[in-house]
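Here's a structure for you.
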Amino acid sequence: MAEPVALIVGAGDGLSASLARLLRSAGYRIVLAARNTQKLASLAADTDAQVYGCDASSPEQVSELFSTIEGPLRVVIYNPSARVRGPITELDPAAVHDAIDVTAYGSFLVGQQAARVMVAEGEGTILFTGASAGVKGFPQSATFAMGKFAQRGLAESMSRELHPQNVHVAWINVDGGIRSAALAEPADRPDSMLDPDAIAQTYLDLIRQHRSAWSHEATVRPWVERF
Amino acid sequence: MAEPVALIVGAGDGLSASLARLLRSAGYRIVLAARNTQKLASLAADTDAQVYGCDASSPEQVSELFSTIEGPLRVVIYNPSARVRGPITELDPAAVHDAIDVTAYGSFLVGQQAARVMVAEGEGTILFTGASAGVKGFPQSATFAMGKFAQRGLAESMSRELHPQNVHVAWINVDGGIRSAALAEPADRPDSMLDPDAIAQTYLDLIRQHRSAWSHEATVRPWVERF
Amino acid sequence: MAEPVALIVGAGDGLSASLARLLRSAGYRIVLAARNTQKLASLAADTDAQVYGCDASSPEQVSELFSTIEGPLRVVIYNPSARVRGPITELDPAAVHDAIDVTAYGSFLVGQQAARVMVAEGEGTILFTGASAGVKGFPQSATFAMGKFAQRGLAESMSRELHPQNVHVAWINVDGGIRSAALAEPADRPDSMLDPDAIAQTYLDLIRQHRSAWSHEATVRPWVERF
Amino acid sequence: MAEPVALIVGAGDGLSASLARLLRSAGYRIVLAARNTQKLASLAADTDAQVYGCDASSPEQVSELFSTIEGPLRVVIYNPSARVRGPITELDPAAVHDAIDVTAYGSFLVGQQAARVMVAEGEGTILFTGASAGVKGFPQSATFAMGKFAQRGLAESMSRELHPQNVHVAWINVDGGIRSAALAEPADRPDSMLDPDAIAQTYLDLIRQHRSAWSHEATVRPWVERF
């Protein structure tokens, strides 16, 4: 039987790499898609992954990406997001529009294509990487609030619509900074930043849930947070 | 002293008319803006209103609208929304994009311009007309969920940012159908649809709140709903 | 026609006094009930109110209170709450139990009696004074979280059950400290505490809402809060 | 090294049995506590469990239970709940009080004792079995709403307080009926009721989360629900 396929959109940062490695070890064939694929060579080699360039906010490119993927697509994960910080009075409307396109419209485009494949095949899991900005609108962060709220609304609507068609949809609120080589946590505050492998484990837990007990939302947050 | 000005964007339906009449009677000079201004002649006459054509999802047109308004702008209300219903697998991406622009991006554009004026003048109220689709993602309604969630995230962010600058921002969840000549309620179910005058009263209540006790969100819903 | 009656339970602090005065001026006959009635003499005189002693967490005393009230009971407001602060490991179980009784069980007892009268008469408004502790569980505040969450759950259930019987129920999140003679706000932070008269106005706005557009929840918060 | 201990309070139904078996297989020594221990003999034999009688709403009995447990207590799960259905006007106040004691006050008592042990030992996981009644107040269900909302408020407060002390707390919304011998699902609706083993797996996933990415809340729900 063909290996199940997991597509990770917005690959590149630490979370995507952890997801790729964990899903590879769990038996998935990995497909990585990103606007900029140059940085993915090493990860692709590690995980025997195919790599595609794709601007997730372009309907044509997203459609093209999905038409290229072969084999049984069982997992699709959407990671990209964009933010424009600053007082609302000073934000550049064009930049705001672009950011919403990346965070929310791209989620829709990828989610739609994933739904088409998975509804037809009668199974699959679609996961959106969210943030606390999707449950709480912070000051000076109107753009990110719009994008992440929209993404959460999309995921909720898709859950209610697609769960009865045996397609599992969940939105994961990654609430905090992700630990990386570039962004290390203070030595005296161990585990105060999210370990990308730990986040990836929760994604895999969701993928493996039995359909009689599916979650449509999850939040992960470092223990030190009083949130 | 100059009359305070209330701008109603997306004028045309029953709620906008009720808002215009109530705010006029409360002492505001009314400005109506809509993509299609032809239907506004009668309302404009009734409320001594100025009328402007404006596509609220166009940065240029929104900017132009605000530069035209004279006098102390104290109230801005954003009503437009768009929805595209259907299974997510069948939605037209371009129509989805347009709908998000109307519901969410237009809210941002108008909210931003309103914030600029009101922060500079040190007072004012900005109200967004929402829907239950902004708190719950319904099946077959991914587009409206995205737009209304985004709008609510925007309003929350603006509340937290602008309240300390003495600008009041609130999101109103109008949860149900609005009674109109075209859309009458069943005779045996009195008040089972929202009376637009009743909704407008809650908007005015919000406008009149003392700043020591501001609400940033409100929900209005017919008594017969078990919701 | 007999004057409509408004019952305020847990009278005594600044909010209750503001409510009594505002509802009196709006044409209600006022009934005040509190565990300790000694401090109510002045307010009762100001508002021509009847005063009753009542422990709101006693089923017998609450039942007795309602059997005593004459005339058309149109408004019932529940104010009492109790909190026990401290690390959860150190809380006294008996004190926790008592506090839940005051905040939540008393809300039920008074709400139930109010519902009996109002369902029978076919109209009325029941308002519960809540707090942000009912939407967010803060550290070192397990007791208040339990009581206020329970009260909000009660109010939601009652809204869904009683609205279709023409009885309006709402939970008001009074999110912040209330200004009083004993608790004054900093001189350089005007209106940074909730003015009790301003809160009371929102209660009256809720009471006056048309049933085609009822709110079941409201939050009021000082403008300076970034919350 | 001594086996880690998992205490399951309110043992007896299908979920408790699944939890006991899964945690036993995961290497925990199992302690079962319930008001009525007679029905636990078979499960205790299967899982090498100790069994204690305990009324979870009694401070003395809960304190006694924890003083009896030996070994490193690493997991505590609270399952009991009680509901009294019916129109709010007809509920028996004494029955309502008892039900809140079982659902909410018992959660506090057990949670407090667990916190004392785990804070002292510097690790552990406390899980509360919730229901959708804790996020939405349904009509004719005021009692259950109060109990489950209170329990969720408790869990949130404990999460914020105890996570920084390395004690993980989570509230699990088990949203739907649990499949059992007594309560079978329709043959034409496979997996339309929650499989208790599937729920238990999510509990174990939570227990195993890395502390840099803890969840404080989870919802599980059958795929067929449009919720």
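Letters A, B, C and D mark the chains in the order given here, with residues in each chain numbered from 1 onward.
One rule holds in what follows: a contact is a pair of C-beta atoms (placed from the backbone, for glycine too) under 8 Å apart; a residue touches a chain by one contact, two chains touch by 3 or more.
Predicted model only: the values in this text are computed from it and were never measured.
Trainee: Would you identify the chain whose Cα-based centre sits farthest away from the centre of chain A?
Mentor: Chain centre farthest from chain A's centre: C.
Trainee: Using mean CA coordinates as chain centres, what's the gap between chain A and chain C in Å?
Mentor: About 44 Å separates the centre of chain A from that of chain C.
Trainee: As a quick test, compute the distance in whole Å between the mean CA positions of chain A and chain D.
Mentor: Centres of chain A and chain D (C-alpha means) sit 31 Å apart.
Trainee: Any chance you could list the residues of chain D touching two or more other chains?
Mentor: Chain D, residues with two or more chain partners: 139, 160-161, 226.
Trainee: Which of line, ring, star, complete or other matches the graph of chains that touch?
Mentor: Graph shape here is a ring: one loop, exactly two partners per chain.
Trainee: Over in the complex, which chain A residues touch chain B? Could you list them?
Mentor: 59, 87-89, 91, 93-94, 96-97, 100, 104-105, 108-109, 111-112, 115-116, 119, 133-134, 136-142, 145-162
Trainee: Can you list the chain A residues touching chain D in their complex?
Mentor: 160-161, 163-164, 166, 168, 179, 191-195, 197-199, 201-202, 205, 208-227
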